[in-house]
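Single-structure report; data block below.
We call the chains A, B, C and D, going by the order they appear; numbering starts again at 1 in every chain.
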Amino acid sequence: MKSGSVFCEVEECSGLAENVFSIWLKADREILAAAQPGRFLHILCPEGSLLRRPISICQTQGDMLRLVFEVKGEGTRWLSRRRRGDSLDILGPLGSGFDLSGGPLLLAGGGIGAAPLLFCAQMKRCDAVLGFASGQKAVLLSEFASACDGAEFSSDDGSLGRRAYVTELLEERLRSGGYKGVLACGPEPMLRIAAGLCRDYSVPLQVSLEQRMGCGVGACLVCSCRIVKDNREGYARVCRDGPVFRASEVVWDD
Amino acid sequence: MKSGSVFCEVEECSGLAENVFSIWLKADREILAAAQPGRFLHILCPEGSLLRRPISICQTQGDMLRLVFEVKGEGTRWLSRRRRGDSLDILGPLGSGFDLSGGPLLLAGGGIGAAPLLFCAQMKRCDAVLGFASGQKAVLLSEFASACDGAEFSSDDGSLGRRAYVTELLEERLRSGGYKGVLACGPEPMLRIAAGLCRDYSVPLQVSLEQRMGCGVGACLVCSCRIVKDNREGYARVCRDGPVFRASEVVWDD
Amino acid sequence: MIDLSVNFAGVRFKNFVTVASGTFGFGREYSEYFDLSRLGGICVKGLTVQPRDGNPPVRIAETPGGILNSVGLQNPGVDAFIKTELPFLRGYDTRIIANISGNTPAEYALMAKKLSDAGIDIIEVNVSCPNVKAGGIAFGTDPCLAAEVTRAVKTVSEVPVMIKLSPNVTDIVSIARACEDAGADALSLINTLLGMRIDPRTGRPVLKNITGGLSGPAIFPIALRMVWQVCSAVSVPVMGMGGVSDTEGALEMLWAGASLVSAGTALFKDPLAAVSIVEGAETFFRENNMKGPCDIRGKLKLYD
Amino acid sequence: MIDLSVNFAGVRFKNFVTVASGTFGFGREYSEYFDLSRLGGICVKGLTVQPRDGNPPVRIAETPGGILNSVGLQNPGVDAFIKTELPFLRGYDTRIIANISGNTPAEYALMAKKLSDAGIDIIEVNVSCPNVKAGGIAFGTDPCLAAEVTRAVKTVSEVPVMIKLSPNVTDIVSIARACEDAGADALSLINTLLGMRIDPRTGRPVLKNITGGLSGPAIFPIALRMVWQVCSAVSVPVMGMGGVSDTEGALEMLWAGASLVSAGTALFKDPLAAVSIVEGAETFFRENNMKGPCDIRGKLKLYD
């Protein structure tokens, strides 16, 4: 039996970049055992809000677990104001994560989408291409640089690394060949382009999708995304069937 | 023009007795100037609650203002958890307070009703009779003992002072005579008995009433109590026409 | 230049923000907190032909994200209002909207005539008070009765007539249409939803009146939906209210089609809530290079 | 000895707490968090004759104290439920309530027959889903149609039939009475209130479906009022729901007259919410020297 929601103590909460924060949580054995790249915690961010917020696990270290997130609204703003010693009411880890079997693997991250990919790099040596809007928005650069063999960075405005979209870096890597799989996380337009590229180069792509959630455990069916499986198109649950899906199965919105 | 709600910094929050807490607030000049015995602050105690909580001013000292309150529900529980440096969103001081003119005056307090009476004693030398459920529930004893000429205490169970209801102490004082007015605050049954006694002994009584409030400023008409004025019975607003009323005008519920 | 003004049923409002009936008394108390001239308009406490005492306390209860009230139309009567309160309100440069409740169409007409003669800016006809037995809500839940009251008031009023609709109905659009067809110059919605609380320990209703009207943020999504439905169905202008507590909520009401937006319960938390909405809206329009409400009013972007 | 059990329309529930349709799927997911046998009963996700895909996302929006959902009855169809899900649920010692939605009375009857034959404990007839165009809510807002569906289901069902009422009506009591007169064995209420949210910056509805059903604590006072009104008017037992999120809310429902109490949205915050209510109620009754729900059910203490 899983436990219900549990309280985890905040070890550290700090700003990483413009509007991006990092929280280290003390976690119990059960949570650490269930933590896997691509899985997420469903976090209560009160102040009158009813729904939990899903945040991917960014990495683990000893008995600690890290979240890296961008402030988007009330919930993440509340989260960014936690301090050492505060406790967070969390449910999870939830969802099904990245499949890290086979290799070599390439990680492709856009913006805050880099967070869950770091956990992949921690579990298995991979290459990585990461794109950010600007240098001010970039996070986890040193972590990726040390965890990955060939980590390459770009920014939309050229203030960090090359001036390029991350999908351009991805295409170059695909062109040079050799990857047995790509794992991507980032804004939907990026994932859609990545899906096209990986299809063209016949490299299996896994993507981590986002959708607004209710229960987070698979019971309420609000977090749907469109999937084709066994030739049938239908809705899958981001919270349980995902958040990581094979890109070849995802029906992209237009 | 009054300012709207303002933030006041908590200087100290401490437990005084079983479920009773004391908060010292730093207040600006405007608030201190408007603070008067019997007036109250309307305090936002969030955690999903919309309505402010009315708490009487218990005393002032320098640029500080004190509240003494009992934990009754979510709002006061939240309030009891404030810490030095936190800030409170307050509206007020509101309402019309005690009339301290004339004398000698007797203060009659039941339980937490002692709080606003201390402010009276601070402004003007008075006598006081105070009753509590038990010694564990008693508060502000030393403050009253030093602020008042003859402060007498009782408790329902005899664990503090005499075993008696405060209305018994009140009647003894009224019998011995000499008071030009009584100021009372406490649970409604106590106030009702006090009203009967003061009528019998022809001593003017002022009572501080409680009612659930909305706006706190007199606009929404939810905080009504039954009053006879100019021979007409009707509803008055506890928040603005009171909370202090002449007992002779109050129509008591049965 | 931002222009927040609105022409509402022929009456010019300096801005689109008003305060809701029953939450603002006759303005005296809040006038100590801000200059009432900063408001687009003021809906005064509901008036009746005779003075009314209202319901016995307890009259208010808290609920998650909302409150229940059972004031029951305590007011000094329409004559006292005109004599004592209106002159005070006329000292401010803002529109005054009189809110009236009657037991019969004739009572509504009687009050409307007096108020129209007294030069009120708009008459808001409350056919939706859930806290009184006679009249009130009965008129607001039946299209025929709502139309009858509308006609009675229109016959005598020389100022625009706005009917205030109840949300406690199956089909608010049919009532809105009936009022429009009967000559209403505008509509306002929503009044409170009928609700209840019980003390779980004692089994006593928290309100002495047992039930009361639910207002505040909790009802906002319902109010917004109804405003959108009504605005999509009628061509008279609409004053949207129900749980509006900040600039965002007011903007949502505008997108849904409201011409004026009213805040009520929000004032209990922050006496300056309505004024903050005026300021917040100004900032929003400036930052988005818009002229004002007209750039978004009713322009909800539907998916195709 | 505390006894939380309830005889509900002839079916014995081990305790009075159930989980609301659509918030609990078919129980598989939450079975990982607690033993489903701790619940009095489980209302399964709404079923239709054919499998349904539901509405496109976004399907959920937050509101103050509540949520809007527009799932639109995504489900595998009644046959798949009976074949694949029911056997799993039967592994637990708890009552299983099948929730059905049809486009016609005949569809309701078809499903009821299958479920009755499959040995479901109770059939909950959803005439109140605000998220689908055909059927659903239309049946729940008209006493005659509600009665028609009730009769259609009653004719074929050998297990008790419970009609789930919509709160989006002027007079819920008239619908409740019509269902009772048509033979309903029980009533459940409330389903969600129709609501809407708009992104204030872009003017887009948050939900792709534009409107959705409001649930959660925000609607509790409305639900409680309706449960009280209906319980005061009918003699069949009532399952009360709508914003129940803790023991206090469940107790309020009991005082108002509910025999069973259901929690839905509360599970999203705390998967163990329903189980905590069972435990909290036990403590309450023990501390107050009561036997159980029967000591307070419908015993609201009115003022005189």
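Operating definition for what follows: a contact is a pair of C-beta atoms (placed from the backbone, for glycine too) under 8 Å apart; a residue touches a chain by one contact, two chains touch by 3 or more.
Predicted model only: the values in this text are computed from it and were never measured.
Counted as hops between touching chains, the shortest connection from subunit B to subunit D is 2.
Farthest from subunit D, judged by the mean position of CA atoms in each chain, is B. Spacing of subunit C relative to subunit D, judged by their CA centroids, is 33 angstrom.
Distance between chain centres (mean CA atoms), subunit A to subunit D: 36 Å.
The geometric centre of subunit A is 46 Å away from that of subunit C, both derived from CA atoms.
Rounded to a whole number, the gap between the C-alpha centres of subunit A and subunit B is 55 angstrom. Those residues of subunit C in touch with two or more other chains are numbered 61, 64-66, 216-217. Those residues of subunit B in touch with two or more other chains are numbered 48. Across the complex, subunit C meets subunit D through its residues 61, 63-66, 68, 141, 168-171, 193-198, 200-205, 208, 210-211, 214, 216-222, 224-225, 228, 243, 247-249, 251-252, 255-256, 284, 288, 296, 299-303. For subunit A in complex with subunit D, the residues that touch the partner chain are 1-5, 44, 48-52, 91, 211-226, 234-235, 240. Put simply, subunit D touches subunit A in their complex at residues 22-25, 28-30, 32-35, 45, 53-54, 56-62, 64-67, 69, 71, 74, 216-217, 265, 267-272.
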